[in-house]
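To start, I am sharing the structure in question, which I have written as structure tokens.
As written, the chain order gives the labels A, B, C and D, with residue 1 at the start of each chain.
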Amino acid sequence: MSLPAEFHDIAERVNNWGRWGTDDEIGTLNLITDEVVRGAAAEVRTGRRIPLALPLQQDGVQTGMIPGRVNPLHVMVQINQELFGPGTVACSDDAVTMGLQAATHWDGLPHVSHSGKLYNGRPAATVTAHDGARYSGIDKARHIVSRGVLLDVARALGTDRLPGGHAVTPEDLDAAEELAGTRVRAGDIVLVRTGQMRVYLAGDKHGYGYPSPGLSIRTPEWFHARDVAAVANDTLTFEIFPPETENLWLPVHALHLVEMGMPQGQNWQLEELSTACGEVGRHTFLLSAMPEPFVGATGTPVAPVAVL
Amino acid sequence: MSLPAEFHDIAERVNNWGRWGTDDEIGTLNLITDEVVRGAAAEVRTGRRIPLALPLQQDGVQTGMIPGRVNPLHVMVQINQELFGPGTVACSDDAVTMGLQAATHWDGLPHVSHSGKLYNGRPAATVTAHDGARYSGIDKARHIVSRGVLLDVARALGTDRLPGGHAVTPEDLDAAEELAGTRVRAGDIVLVRTGQMRVYLAGDKHGYGYPSPGLSIRTPEWFHARDVAAVANDTLTFEIFPPETENLWLPVHALHLVEMGMPQGQNWQLEELSTACGEVGRHTFLLSAMPEPFVGATGTPVAPVAVL
Amino acid sequence: MSLPAEFHDIAERVNNWGRWGTDDEIGTLNLITDEVVRGAAAEVRTGRRIPLALPLQQDGVQTGMIPGRVNPLHVMVQINQELFGPGTVACSDDAVTMGLQAATHWDGLPHVSHSGKLYNGRPAATVTAHDGARYSGIDKARHIVSRGVLLDVARALGTDRLPGGHAVTPEDLDAAEELAGTRVRAGDIVLVRTGQMRVYLAGDKHGYGYPSPGLSIRTPEWFHARDVAAVANDTLTFEIFPPETENLWLPVHALHLVEMGMPQGQNWQLEELSTACGEVGRHTFLLSAMPEPFVGATGTPVAPVAVL
Amino acid sequence: MSLPAEFHDIAERVNNWGRWGTDDEIGTLNLITDEVVRGAAAEVRTGRRIPLALPLQQDGVQTGMIPGRVNPLHVMVQINQELFGPGTVACSDDAVTMGLQAATHWDGLPHVSHSGKLYNGRPAATVTAHDGARYSGIDKARHIVSRGVLLDVARALGTDRLPGGHAVTPEDLDAAEELAGTRVRAGDIVLVRTGQMRVYLAGDKHGYGYPSPGLSIRTPEWFHARDVAAVANDTLTFEIFPPETENLWLPVHALHLVEMGMPQGQNWQLEELSTACGEVGRHTFLLSAMPEPFVGATGTPVAPVAVL
């Protein structure tokens, strides 16, 4: 089996290898210039802050379907321990074991490879157990702060959530952009709301994962045309399940991460943000979504915040 | 042994219990109003972003001295795995085990107790192995974004780093405030630079922990007077080691977290920020320092970013 | 709510506190004397070895119902890593995160408490996050090797597995003892087979846990009368679910661990052993079931082996 | 760099590939026949049991020198938790994160590869992050119980411990065999005592690892000639450090695990056993050293017990 011509045609059109030099490890994050960030700060009007991460807990979104992607196991390693003797100040300390992609997270560029290659043409074999990802590890990203734009596709299509299997098309994104009343521009971080998170919030973990709406294989060209810096949505895998094209799995991952060098986010909780944007009538904001700098990691939990 | 009168006198003066209601779980974070955040956004002039977290890696700042506070163990649970068959898009996934207080982190309010009490008078026994912290868990903080002020005490005192054991006094803070050319105000997050991080960056982990400069027991009143929302510094334990007052351990933890209900940060990397502030001649910025929302946790790794 | 009189009556009859001294931390393991072990070795006739542990894997018996009792997450931290340069011998290394009670395990004496007490009258509060169990930690057991006796209750009652909710009674044990053709004696380790493990082996994890056969509250007296050193069975929780007496949960745990000071084992795979014992017509063997010496732990994974 | 002719010559002489069939995954463990085990049981004379594992604790033998091989982090996930309501039986539960090779352990056959090959000629690439070791995972071993023989080389050479860098030679093994008063035979598990563990027990972790005595590259032929089933010693890495032959690292690992298909054990605590064998004047015993059946693992913690 190999990837179909349809995939390779799009790949060629969105490919960014070499665009920021052969040594580049951060891809489209290069598009977030100081000027873009100044513009992002100017989007703050009310000072209202909306966090976009799911709670980190044992009872998280993972069901065991994805091997090794374990929900957080939070433990106390000390509880009110009087380390310096009886009657002294007492300490509590915590530890955690978790999959870095288990909850609200960024996929870093080396999270997927295809045809033996990673972003910027590096060999897939540069990801190892010993080092993690030698190139483009999530620690290389350093900072992700930019203008955020909520593309509320569900709302634009007049529904609470898109049906399972729905392919979010470029036309859907256009409709959501119109609802947002803004034009997505270079360096923006786009948050695509499908409403699928409502399934999880209603208690149906399995239904959250499958069937799921997601982004059509045609959307990377849309993001590429606008020079978007990163994209996140409110689904388990970002992609459409069952897949849009039979036997073509994770094509958007491969286009975003490998071809474009664009980080993508999953399991973002966009419900409160959707409501807030509706209330204030604006869909743009300052977005801070800092990666935890795990050295050599292919992804990271993230606690994004939108400042409206 | 019990805490000395000196401690209790200060405790009484800085105590915030009940100030935001008996049900309050976030303490001084209440001081970060929408208005404060609008002001914080207005501090962005250049768009330059400085990350303040140390890399998360096995070779981190912990030496094993603090039981259970383990450096991050980052592992790959999948490497270029063709989950859907040969020739398909291949995935890499990661997991981690780490102490939540092991690297650059926030101490949440229930991280310490004294005299059997937590912030707002809650019993210390409400922290359990099963639930973690029932009250004021770090997930309750939701968002920490505000104006940041770098109080560069080392620079104000004309040195690269304060000597081990140096007590940063209110007078030192005044000097740094003067250098900063601003007045710390309600809702600000204050970053106190001692320069101690340079010891770690130079490769001396043990010397980083001990002896260490830190904040004098007299400084909480300074922060209280200005209604600061949170304080972080660039040391392993925040406090002076060996301690300022013999046999009085972690007094500033107890005053900040228990009495004031003010989160504090440790192991923040302030060197690059110090240089940048020196270059632009301003020491104020937008600071985003979002807690990862571990449910019931008494602390969290944080990847703060200063936007100048 | 408190424990009923029925429980306290039995507790009084089986209590071993002080029997091996007020300092004792190993309870009925004291009954395994050198003489008992010589007798155990004499049970080896064929040299055949039957392992009794379930495979340790992510897809284990836990379903998430018991908080924190996570199935093993096995990861590779190095894969064919040429640590000393290209062309040298290459190493692979592993790590694991798991609940100590997640798979085939021993419950150590401090695994449960009731009425604020542990075995030998020690305060329950001596189990802490910092130290684990100060008394009777599983590392104190040092070695568990003795004569093993399979009491194949399912087979004695003419069935493959006892129905969910079935209470294994003293009379059932008598019947199984008769089938075994031996008299259980001081220092023996008794393995009670209910056949419930077949539910798990057939792929039904939830059905394995509930409803489940288990040991009646009347059986501790039977074990006490024979001075058994330890007991294990082939169920998730050892106990009957739903419980034998309404609202009386885990009574056998409390009697065995707290009152008698007798370790108990759960999730033991006894199917192959049952077949082997049937084939050779003997139900006694040398049993080695060494605890992993986790310091201060209240339990441990175990890989028992019966040598027939 | 490649392995020297000296290595390949020995490799050819001790190679067992194909000896137990091309499908074999357990190598020399095939030599432990039922008859061997009956003989092992006959070695039990006193009934005395000596455990050979180090305590599992955060303060273990690892110093951070070997990447990812972390000492055990033992945590309580529940402490006296009244899961079924106030006044009911209360439970304590534990979890652990640890390197499988961190403490007293078995190296499984796929723990090392050389020249791209594992035991029985399988490709090194069959060890993956997703599956661990597809062949010869430690779970395949099922049981390791046999006659144990202590070769007390330190005692035979009249010392408490061999000096760092000392190469244990075939002649040293002959001397220890003579002291033991037995001839090592097919299926035996040999425990080689160097006394190096005394360095760790005296509190010097770094000195324990380096410099260290270990087994000479000439000893695999000795073990091969006697058809030994497995070998363990009381050092951190099994091998001589600094190495016997310059730039030839881990040659004994490669000969034992890859060429012979013979498991080897490290960090075994043989001090108490040495004393006991001296007291009873016999150096043979029943040895049970059951691997924990981690699926696909290249090694496992082990809690061996010698029954004299």
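By definition in this document, a residue touches a chain if its C-beta (ideal position, glycine included) is under 8 Å from a C-beta of that chain, and two chains touch if they have at least 3 such contacts.
Keep in mind the model is a prediction, meaning the values are calculated, not measured.
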Ranking B-C and A-B by C-beta pairs in contact puts on top A-B
Distance in whole angstrom between the CA centres of chain B and chain C is 45
Distance from the mean Cα position of chain B to that of chain A, given in whole angstrom: 27
Where does chain B touch two or more other chains at once, residue-wise? 67-68, 70, 73, 75-79, 92, 95, 97, 128-130
Based on which chains touch which, is the overall arrangement a line, ring, star, complete graph, or other? complete
List of chain C residues in touch with chain A within their complex: 58-59, 64, 67-68, 70, 73, 75-79, 81, 92, 97, 128-130
Chain D contact footprint on chain C (complex, rising order): 1-3, 33-38, 40-42, 44-51, 53-57, 66-70, 72, 74-80, 83-101, 110-114, 124-125, 127-129, 132-133, 139, 142-143, 145, 247, 249-251, 253-254, 286, 288, 290-299, 301, 303-305, 307
